[in-house]
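Some structures are shown below for you to check.
Next come two complexes built around chain A: one with chain B, the other with chain C.
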Partner chain A sequence: MAVEELTALEKCLGLKAGKYSRRAQGSSQVPVLQTNSGPSLAGLATIASHLVTQAKKEELLGVSLEEKAVVQQWLEYRTTRIDRLTSKEDVRTTLKDLNCYLEDKVYMAGNKITLADILTYYGLHPIIADLSIQEKENYMNVSRWFSHIQHSPGVRQHLPSVVFIKNRIYSNVH
Partner chain B sequence: MKLYVSEGNPHGLKVLAAAGLWAHGVEIQRLQQDEKVVPFLSQAKLPALELNTGNYLFCANAICRYFTLAAGKEQGDLTNQWMEWEATELQPVISAVLYATIVQGKKTEESLAMVGKQLEHISQNLTKKPFLTGDAVSVADIVVWGAIFPLLAEMSTLLEDLSSLKNWFKKVSDLQPCQKAVESLFKGKGPSVFKAYLQKMPAPSATTDASACN
Partner chain C sequence: SGRGRMALSLTVSSSPSPPLAVLLTVQHLKGKVEINVEDGKETALRVLGDVSFTDVNSIIRYLARLLGSNLMEQTKISHWVEYSQTRLLVKSTFSAALQELNYSLSHRTYLLGDALTLADISIFSTLTGSTVWQEQLKQNKAAVNVRCWYTFLEPAVLFQGR
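Right after this comes the complex of A and B.
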């Protein structure tokens, strides 16, 4: 999964395909990239940040100090939280928190798209694709943000487009 | 800028040490563990850093990173890799070991075998350089040190065969901001100060990693 995602990111950034392998870690797998310049790099967030730098699109890592830290925080949230959701309750809490965070935001960090948006979008894709129309309405801010990111040029790649309905069809849930 | 920490939370160690090393002006506020600070999170999550813009950082590693960025230190691939490794591979095992020894009172040798592979990984990477990312202490050292300190403080026998790790651990522990962080968090009591915190956490599921350690 992670390797497919990094390949999609490479295409999105206009980079040539890199050489990947996988290292087992418990029940999951850690992607490993063989770099041209030196030692291999392991880990989804680490490799993604490296690719962005390779493509000379550093602005995707955040411009201000604060944005840089916020981007890395959501990358960590992706690998330690979103990738380890084990129960429906976990999924609900995560979506609720993200929905609350995104209430007054267009992007996860700053006023432009960053790597935090792209990797969170990739990580949430299977979860969001599984939601009913009513659930998508419950997490309205997540849905708005998700729909926006999936339409950003080059981001979606091989992933199927998730459909959102613009007008609410359920009355407000209390 | 305000840093919120709670008593007995093992993640407080690295943020206090990083603040001491790189962010002298930060105001530190001590709270109860279940106090909610970050407005968008439904569960209490500490440590947390409230930024002057009103935004919050709620991951200990991101807080450490912010302090070093603010001190003008850029971070490269190697730093990122250590920090990701700490968060995704080391931390789950450490939590499981602390839970097993402190909360469940299991025999330490058994629990410690779980973390052997990770400690060896750190040690191997310190044979050719004094610190994890090169010649000077970096945020990667502080983050990894903060994670293993609660274990190694009591169970120093773990280090016997790992001389590179042992030297590095002593060097980082001897840094004054690290000593101060330990004093203010442990108050001379040892890892049992973490008991109340660990009891409230769900039992860690990192046991799947244990089988891979032999």
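Right after this comes the complex of A and C.
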């Protein structure tokens, strides 16, 4: 999964495809990138940040100091929380937390798309694609954010588009 | 004729106050529709020799049609343009209208589609001119989805093309 994602990110950034391998770490597989100059890089967030720098799109790592820190926080959240979701209960708590966080935000950090949005979007894709219409409406802020990110130019790549109903059906304004 | 589409001419009156919705619309259309803007005694868009529109609502609606969007989108834009000039502009209906707007924005980043349209611009302009809204923003009492949408659009709408 992680290697596919990094390939999608390369396309999104307009980079040539790199050479990847996998290394077992405990029960999970860690992607490894062989760079042309220097040592190989390991780990999803590390490689993704490297690709962004290589594409000269550093603004995707955040512009202000605060934004940079927020982006790093969500990259860590991606590898420590989202990639380790096992039970339905885990998924529910995570979506609830994210729904709360995204209540008053368009993007995860600041007013522009960052790597945090892209990697969280990739990581959540199988989970969101699996939700029922009612669940999507329950996690309304996550749905709004997800729908917005999947329509951002170049981000979606090979992933199937997730359908969101244009009007709310389970709760009314009055 | 070989002259192509005639450029539109817009006169803008600054009294009692400049029509923000029209000015932001013109800014949004930069590079897509050619419009000559001048100061004048009244706000009017001259389309053909003797056809002109003087009402903010009509001007935005006409310009929205020039963009060549589909019928559904044009209709939705018309809906929000009208909303911004009627229910959202009148004191007695303002808070109910704002609540409905908040509900509509709960699952959308923009009012329609996946990009900024004249629907966003007309609602945004009305809110910018609303003292009640500005007060709510300042006191942190504004409806959450509208606040999120408004603060997200602010830099994009007010400073685009500069």
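Keep this in mind: the second predicted complex is superposed on the first by the 171 of 174 C-alpha atoms of A that agree within 3 Å, B and C clash if a C-alpha of one lies under 4 Å from a C-alpha of the other, contacts with A are read in each partner's own complex, and residues count from 1 in each chain.
Please note the rule applied: a contact is a pair of C-beta atoms (placed from the backbone, for glycine too) under 8 Å apart; a residue touches a chain by one contact, two chains touch by 3 or more.
This is a predicted model, so every value here is computed, not measured.
Once the two complexes are overlaid on the shared chain, A:1 sits clear of chain B and of chain C alike. For chain A, the partner touching the most residues, choosing from chain B and chain C, is B. When both complexes are overlaid on chain A, the residue A:25 reaches chain B alone and has no touch with chain C. Residue contacts after overlaying the shared chain place A:162 against neither chain B nor chain C.
Shared-chain residue A:91: touches no atom of chain B or chain C.
When the two complexes are overlaid on their common chain A, residue A:143 makes contact with chain C while staying clear of chain B. By the touch criterion stated above, A:15 is placed in contact with neither chain B nor chain C.
Comparing which residues of chain A touch chain B with which touch chain C, the overlap comprises 103. Within the complex formed with chain A, the residues of chain B that make contact are 39-43, 51, 53, 55, 57-59, 61-63, 65-66, 69-70, 77, 80-81, 83-85, 87-89, 91-92, 205-206, 208-209, 212.
Interface residues of chain A, counted against chain C in their complex, comprise 103-106, 111, 137, 140, 143-145, 147-148, 151, 164, 168, 173. On chain A, the positions that touch chain B within their shared complex are 24-27, 30, 41-46, 49-50, 65-66, 68-70, 72-73, 75-77, 79-80, 86, 93, 96-97, 100-101, 103.
Across the complex, chain C meets chain A through its residues 99-100, 103, 106-109, 114, 144, 147-149, 152, 155.
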